[in-house]
Amino acid sequence: QTPLPNVRVTVIASGTVNWELQHMKHMHLDQENGFNLVINPVASLSAARIAITSGNADFIVSDWLWGSERNMKGANLGFLPFSRQIGSIIAAKGSTFSNFSDLKGKRVGIAGGPLNKGWVLLRAAAKKEGIDLEKEVQIQFAAPPLLNQAMRSGRLDLLATFWHYGARLEAEGYSKLYSLDDVMKGLGLGSEIPMLGYLYDQSLDPALVRGFYNATKQTKAQLAVDNDAWDRLRPLMKAENDDIYHGLIAGYRAGIPSDLSQEQIDDAVNFYKIIDDLKPYPSGTQLNPALFYREP
Amino acid sequence: MFEFHVEGLALSQKQVLSALSIRVQPGETHCLLGPSGSGKTTLLNLMAGLAQENVEALGNGAKDKNYWSPNPPEIGYLFQQPRLLPWRTIMQNLLLVEPDKEVVLNLLEEVKLQDYVDYYPAKISLGMARRVALVRCLLLKPELVLMDEPLTSLDLPTAREMRVLIKRLVCDHPTRSMLYVTHDLDEALELGDSVSVLGNVPAQVIYNSRIDEVSRNELEALLKH
Amino acid sequence: MFEFHVEGLALSQKQVLSALSIRVQPGETHCLLGPSGSGKTTLLNLMAGLAQENVEALGNGAKDKNYWSPNPPEIGYLFQQPRLLPWRTIMQNLLLVEPDKEVVLNLLEEVKLQDYVDYYPAKISLGMARRVALVRCLLLKPELVLMDEPLTSLDLPTAREMRVLIKRLVCDHPTRSMLYVTHDLDEALELGDSVSVLGNVPAQVIYNSRIDEVSRNELEALLKH
Amino acid sequence: MKTGRLSDQFVAFFCLLGGWWLVASFVASPLLPAPLEVFEALSKEFHEQRLIESLLVTLQRVVISFVFAMLLGGIIGVLMGRFRLVNRILDPLLIILLNIPALVIIILLYIWFGLVEVAAVAAVIINKLPNVAVTLREGGRMFDHELEEMSVMYGFSFQQKLWHLWWPQLFPYIMIATRSGLALIWKIVLVVELLGRSDGVGFQLHLAFQSFDVATILAYSLAFISVVQLIEWFILQPLDRRASRWQKGGSNV
Amino acid sequence: MKTGRLSDQFVAFFCLLGGWWLVASFVASPLLPAPLEVFEALSKEFHEQRLIESLLVTLQRVVISFVFAMLLGGIIGVLMGRFRLVNRILDPLLIILLNIPALVIIILLYIWFGLVEVAAVAAVIINKLPNVAVTLREGGRMFDHELEEMSVMYGFSFQQKLWHLWWPQLFPYIMIATRSGLALIWKIVLVVELLGRSDGVGFQLHLAFQSFDVATILAYSLAFISVVQLIEWFILQPLDRRASRWQKGGSNV
């Protein structure tokens, strides 16, 4: 009996991916699908990206935007859907925004930089109404924990952040301002494209990729219904209270994607164009759909 | 009259000065002789009020550090080493003490260094540096001048000229007093009005007299002790 | 015989040495007199082969920097300033030159500094530091010793003892030669076998003779030029 | 002489460039872009009007932080070097400030004062100040005792001491603090911008970094390095030369 | 004397602690935890066996990088200080290395050599080396010309020169490089660990940052600062004192 091949996945130690993989490992879903899962925790997304670029990881989780950009620069990455979560738009307590023109002059915090998906979608939607949000609001890019803090101390009116940071704020009584799903539909992107996914190098053995994909799907299916499994994961989640804990579970479950459909891939291509058009100097390049993994 | 009195002094636990008194009459020059390492420089430093670390003044009067009676005089001090600022030219060094360029140039001419005003101290010879230091000291106009072997490292004719200069500007000045440390008996006899000889370390005054009451041979014998 | 010849030397574009030759007989002592700033130290540095920046040797022989004929001798050099390592005690300074502690202690006793072996240079007087430097130089056993005013800042009796020491260890040594720079004519007359007088800067030899063919007065007159 | 010196540096510069170009064309990976690609990225950033603007913003932060850090750190350092008591009391604080991670200071200041410019600049100053202090403390310790005594005896005024006595002795230490200071401050400004500012080179670098755009990263780095190299050539090296004139090996009389 | 010196520092230390405690209890926010909370976080990390382990891993990286950076940087710096030609040729390279953002070096090395320990340590060394070089270059420049000549005339061997002539003159510069070096290296190690290691204090710190656990962040910072403070008390300060014995103000004969 030959030992199973190792599959190395580099994950952020405190991130949602880690929850999923820990469960997979615990239930031996990796062995069942013909590989041995090795989890390498790192402290930041950058570290994970370096890991796959330098060949020290087989899979990492990132968004397809990054994957496609790397591919344009000569990499050969593939994408397995991980989550449909895009991010959250959170409003300060007591604020009332009904349309985009209310946002004029407001202080908007954006996590991660100008490519934050929620922010891009907002801008695209506002642009349709003839408002250039980039010029009309006071933008504050910063690291997500800092922005959460700024929100709590009343230094922001609106916040576009990652969903698990948003979930914490929601648990504290802040409200989501926009449903990004609606915004996307408004932009003609109706198919709920998963933004985050497992990126891997396409030279990886296809059988392993398929095995890994199956294992994640089985894991997700279990986590979608099994509450006991979550209790086991709770220490990893650093949830200060039950509200946050349940918020995080709900968020995870809401993000579980389906297999990629052609429609979703088309939407991704369109979405890419929207982002490109929003740049001050659009590059005019197109998303290469070869990035996305299709069931053979 | 300036009277200096100390009960004793120790540097880093080593006693360097015994109890001693030095008296300088106003307008007069007092020469100080003594073997190498006997404590002359230490004595001058103490007189000048230079705070040294690890100093233990001994005896009474050590607390208030008032060694002078009645009052500490205004003091100018020519150190044993030139102590010029190496990063300033000769002229710049002197202008720090006397801003009037004319005065400085005149004195520099007297020590025959008028051609070296723009030289840095590292680029002149030791004897020249000593002369610059002498000029700097002569630019001050204090009540009491302390000079620590000002004319070593100079050739005989130059030393003689310098001696004349010092005599003219300090010794013959009616209100300026001087305490002059030297190893050269001729110098002492020529410049001094009175003389003290220090014994070996810890220094004490083993002889003190007016200069006209002492002969060269006597002094030489005293130094040999 | 050691013969040194240079066509001229300029430091930072200023000519310091003219063409000059110095001859030292093996086993003899040659004294060098000259006014302050005339170029004696520069000459000694050149002899010792100390590379100085901004030096322009003038004339022939300047290229290969071979000023000695037939061959450059082994040289020991007592600098005009003590140049002790300030961060090492007297003893450590000397042990760097002569590892045998006994020998060092013996010589230190001769200059009466045996009690100061563990002192750092900043804590001894200038005259004492000079004596330490003298000891360090005497620890070397070269063919030719260069000494640049070794006995300034010393009182008369001590200077006399040092002179005796130098005479015993260097001048009377059958194979050791010395070039001795001084401003003190008595010293020159006592120690030297021959004497040269340098003129003012740029230095050149204005007088050269065996010591027994010259009188003190003659030398004094020469120095005044 | 002067041209010789500069041309030497140019030769060294071009050798470096050549070496880089050789290695890059040998490796031929976008992760090690050739000089040309970097210059393309540079001109792209320039034409899209980001380069100059970011550089100016960052330089402004660098200059302000530099001035304050050098002044405060210098005074504290010299006092610590001169007076044992000051040293003993401030030393633990210095160690703490020196070793507290930049991240921590930046976060705390951002939290307390909000994501404002003052917090950013203050964070940089607090990060750099202990370095200056540590450097100038050694300078203060090495002051020449004999010259100090001389200045007292010859009645130097405070200004005279400052300019003619202390400054020349502190000069090498100030140069160390300046050179490594500029570099350090610029690096901290990058982190500060990365964590909580929306403009400046650090922000642009972060964007480029997110898409692993090494050419752009290098382009911005080179732009800043060029600025520093100009400062080096036209301010620091002339100062160096002026200050070493008096030394034995100095080149002027 | 010695106890007096240490107790002074303890007093200063406790004053600091007291001040912190006062401010913290006044502000009463989890973002400025009181000393007690930090110590709780510390003991929690200690009991969960992360503290010592992370600290050891990080310290190991710090020590290795420190040794190499000091050695290489020191040699290069002194040579640059002594020889004008070396200086002119290496100067542009030094400026580049000094000012290239740490991030860039770290990423490039990780990408080229993979996420291995060697790349991490090399990145730290390359980051720190130019700082050491810049510092020791000034040291090399200030060498005493007269003592140098003396050592030649009195036939000092290379070892004698190294130990008795050069080392004491370089000492203050080495202390600067050591003190600010330890701090800088530790900070870079943090970034290196953040970007590509799965252990060490930098890794833990960043995890704490993501959940905004300021108490834990401070706990780890304090743990490292304590280590440095111990180094300061038991290695650097005794060295300082030994090296200043010979000065005019020194306390021994």
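Order of writing sets the chain letters: A, B, C, D and E. Residues in each chain are counted from 1.
Convention: contacts are C-beta pairs under 8 Å (C-beta built on N, C-alpha and C of every residue); 3 or more make two chains touch, one makes a residue touch a chain.
The chain list, named the UniProt way, goes like this: D, E = ABC transporter permease subunit.
Remember, it's a predicted structure, so these values are computed and weren't measured experimentally.
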*Number of steps on the shortest touching-chain route linking chain A and chain B*: 2
*Which chains are joined by the largest number of contacting C-beta pairs?*
D-E
*Greatest Cα-centroid separation from chain B: which chain?*
A
*asked:* From the mean C-alpha coordinate of chain B to that of chain E, what's the distance rounded to whole Å?
replied: 48
*Chain centre separation in whole Å, for chain E relative to chain A (CA means)*: 39
*Take the average of all CA coordinates in chain D, do the same for chain E, and state the distance between these two points in whole angstrom.*
17
*Once you find the CA centre of chain B and the CA centre of chain C, what distance in Å lies between them?*
27
_Quick check on chain B: which residues sit in contact with 2+ other chains?_
12, 81, 123
*Where does chain A touch two or more other chains at once, residue-wise?*
46, 53, 143, 149
*Pull out every residue in chain E that's touching 2 or more other chains.*
31, 107, 111-112, 146, 205, 209, 247-249, 253
*In their shared complex, at which residues does chain D touch chain E?*
5, 8-9, 12-13, 16, 31-32, 85, 88-93, 95-96, 98-104, 107-108, 111-112, 130-131, 134-135, 138-139, 141-142, 145-146, 172-173, 175-176, 179-180, 182-184, 186-187, 190, 205, 209, 212, 214, 217-218, 221, 224-225, 228-229, 232, 244, 247-249
_List the residues on chain A that touch chain E in their complex, please._
12-14, 40-44, 46-47, 50-51, 53-56, 143-145, 148-149, 238
*Residues of chain C defined as touching chain B within the complex*: 11-12, 33-37, 40-41, 80-81, 123-128, 131, 149, 152-159, 183, 185, 220, 223-224
*List of chain E residues in touch with chain A within their complex*: 31, 107, 110-115, 193-198, 202-203, 205-207, 209-212
*What part of chain A is in contact with chain D in the complex they form?*
46, 49, 53, 66, 69-70, 73-74, 112-115, 139-143, 146, 149-150, 153, 155, 280-281
